[in-house]
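Working notes, structure below.
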Amino acid sequence: MPIPDDRNQQLRLVEAILFASADPVPEEALQARFGEGVQVRELLLDLQALYEHRGVNLSAMGGRWAFRTAPDLGEHLRSETEVTAKLSRAAIETLAIIAYHQPVTRAEIESIRGVATSKGTLDILMEAGWIKPGRRRETPGRPVTWVSTPHFLDHFGLESLRDLPGVEDLRAAGLLDSRSGMGPLAPVALPAEAEPEPAEG
Amino acid sequence: MPIPDDRNQQLRLVEAILFASADPVPEEALQARFGEGVQVRELLLDLQALYEHRGVNLSAMGGRWAFRTAPDLGEHLRSETEVTAKLSRAAIETLAIIAYHQPVTRAEIESIRGVATSKGTLDILMEAGWIKPGRRRETPGRPVTWVSTPHFLDHFGLESLRDLPGVEDLRAAGLLDSRSGMGPLAPVALPAEAEPEPAEG
Amino acid sequence: MADPLSPDPFDQPVRDGTPEVVADAPLLLAIDGYEGPIDLLLTLARDQKVDLTRVSILQLADQYLSFVETAKRLRLELAADYLVMAAWLAYLKSRLLLPEPETEEPSGEELAAALAFQLQRLEAMQGVAARLLARPRLGRDVFARGAPEDMPVLEKRIHEVSLYDLLKAYGEHKQRQMKQGPLTIAATELYSIEDAVARVEAMLGKLPSWTKLSSFLPAGWRSGGVKTRSALASTFVATLELAKAGRLEIRQEGAFGPIFLRTPQSQEGGT
């Protein structure tokens, strides 16, 4: 794609490149991109002046350029910072089982999953606000059951628990592979899969 | 941190918040942040006007706001190495049917396309984050319906579902009515599922 | 239901030898290119080069039937769906050409209108799908901030889990569960004779001419292997059952030759 001749277009392009780039962009990389006929430094300085008093500034750090939110706004921006973390597979599966089988006790979750549930898993899900303790089961030991919360529905954009797709829907949607013709015979001979329990995140 | 009274400062803060976020920010979240005394919508519209002819634009998608590079610069920004996964024809058509007819059941999608939905259609669209299960249809069998997501609007740069290309013409022509084509005589070998219901959203 | 409109090629003396060489690869490919009979019909309708609201359904039926005839002559395997559609179009054609009987059923015109609507709707969806895809797309034409400053300022999002992740986790769990346990007797994925009887029965009366047994296999069971063999075996047993009951005629030209079926021509009263 040839670089536009029009200076305003060049300015727009620099702006877009800097915005979309994941890392600060070295000036010489921009210069190489635009070719010798273009004064990249001047474009950058113009852009910097344009953004000087704005909520976003263009800053140069060791010959690399990037947009950053204005430093004086930092205190307004950082108020509710949370670190996003990936949920472990065990936690996602546990959450799914609570969603589909609730109210369900921890022992039932373990029996469904076939592995022990570490204490941390339920804690993490509770901390995220997705599950909460429900009624106690009226059986010996009166174990606590777990249910999903309204926030769970909210987070996953569901109107109600009844909208969770059933097993047949999952299969039809391709989220559950159906077995091959001779499938039922083969896996029986295999040793039961050892369930890897990833470390809780 | 209290929100600044000065309008220019408010504008800068909105700008910084939207700039910092990769995902579109819901307008009501901004409103909640700024409090009732601030006309967030007006700040957003001012900002949008400010960026209208720039290399970066402010767009609204389904009530969520985000800065995005200007569409006309796309060809300059696209990196040569990037490979966009090609969608199958079935997936593209299914996506369009869900977008235009939502909420729509799988049986209805099949009746429109005249073929069964193969695996790797709905799950791929869901993995891309474009569709999700909606309310179940209150008809026999309570089939799951499918609807588009906010990310669908974001991905295709649509402000709302009303902005789907040609949607008004199709509606006026009656082509979004949910009547089944050849009805009971439909020769297509589909599993007899619940009859389509009026699906006006 | 016999098709009064065209001579049944299988009623004529059996041709010996191999009449045509199956070498028409382009047509074979062309069949693969259609997403079902409706899609094929739509492609044929576009050939009429008129506004779809004014397309001639009668002409379309003829085009489709001749397409299917050609495919048959070339001995191409056509999915049952295509044959059922052919039968239905032949029926529609007769309804359109003959005086309407006084019945409660929808008239030929109404059936034709319903088909025209279905074609227009599919055409519209294919059109908007293309327009949708031609829009500037995020990550290809339009880009988000490349270096978001890690500040989920407004939403406290602690964990990045999508609904897809959740449902996939449950799907995988169910899958593992189904594979486990020596006492879990999973349903076999073999085609049952009951299913085959139901399927062949449903298609009876819609097949005016001799049709290959293999054409009756349901979609999804035709890709070879155990599944296809089981479907073939069950369908064969089903046809024997139906033939015994006089509801079907079977014909085979020689040992290991293809088996053809049709509705008995002497049958009284339509089905």
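Going by the order they are written in, the chains are A, B and C; count residues from 1 in each one.
We adopt the following convention: a residue touches a chain if its C-beta (ideal position, glycine included) is under 8 Å from a C-beta of that chain, and two chains touch if they have at least 3 such contacts.
These numbers were taken from a predicted model, which means no experiment stands behind them.
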Exercise. What's the chain with its C-alpha centre farthest out from subunit A?
Worked result: C
Exercise. Any idea which chain sits dead centre by C-alpha averages?
Worked result: B
Exercise. How many angstrom lie between the CA centroids of subunit A and subunit B, rounded to a whole number?
Worked result: 19
For this session: Let me have the rounded angstrom distance from the C-alpha centre of subunit B over to the C-alpha centre of subunit C, please.
Result: 31
Seminar exercise, completed: Distance in whole angstrom between the CA centres of subunit A and subunit C is 40
Seminar exercise, completed: For subunit B, residue numbers touching 2 or more other chains are 17, 19-20, 67, 69-70, 75, 77, 126, 132-133
Exercise. Residues of subunit C touching 2+ other chains?
Worked result: 143-145, 149, 151-154, 162-163, 167
For this session: Can you check the complex and tell me which residues of subunit A touch subunit B?
Result: 1, 3, 11-17, 19-20, 53-56, 67, 69-70, 73, 75-77, 79, 157-160, 162-166, 169, 172-175, 177
Exercise. For subunit C, which residues are in contact with subunit B within the complex?
Worked result: 35-39, 80-81, 84-85, 87-88, 106, 111, 114-115, 117-118, 120-122, 124-133, 135-145, 148-149, 151-155, 162-164, 167, 206, 218-220
Seminar exercise, completed: Per the touch rule above, subunit C residues touching subunit A in the complex are 143-147, 149-154, 156-163, 165-180, 182, 185-190, 225-227, 230
For this session: Under the touch definition given earlier, write down the residues of subunit B that touch subunit A in their complex.
Result: 1, 3-4, 11-17, 19-20, 53-56, 67, 69-70, 73, 75-77, 106, 117, 119-124, 126, 132-136, 142-144, 149
Seminar exercise, completed: The residues of subunit A that touch subunit C in their complex are 16, 19-23, 66-69, 77-87, 89, 92-93, 95-97, 99-100, 112-114, 124, 127-128, 155-158, 164-165, 167, 170-171, 175-184, 187-188, 192-193
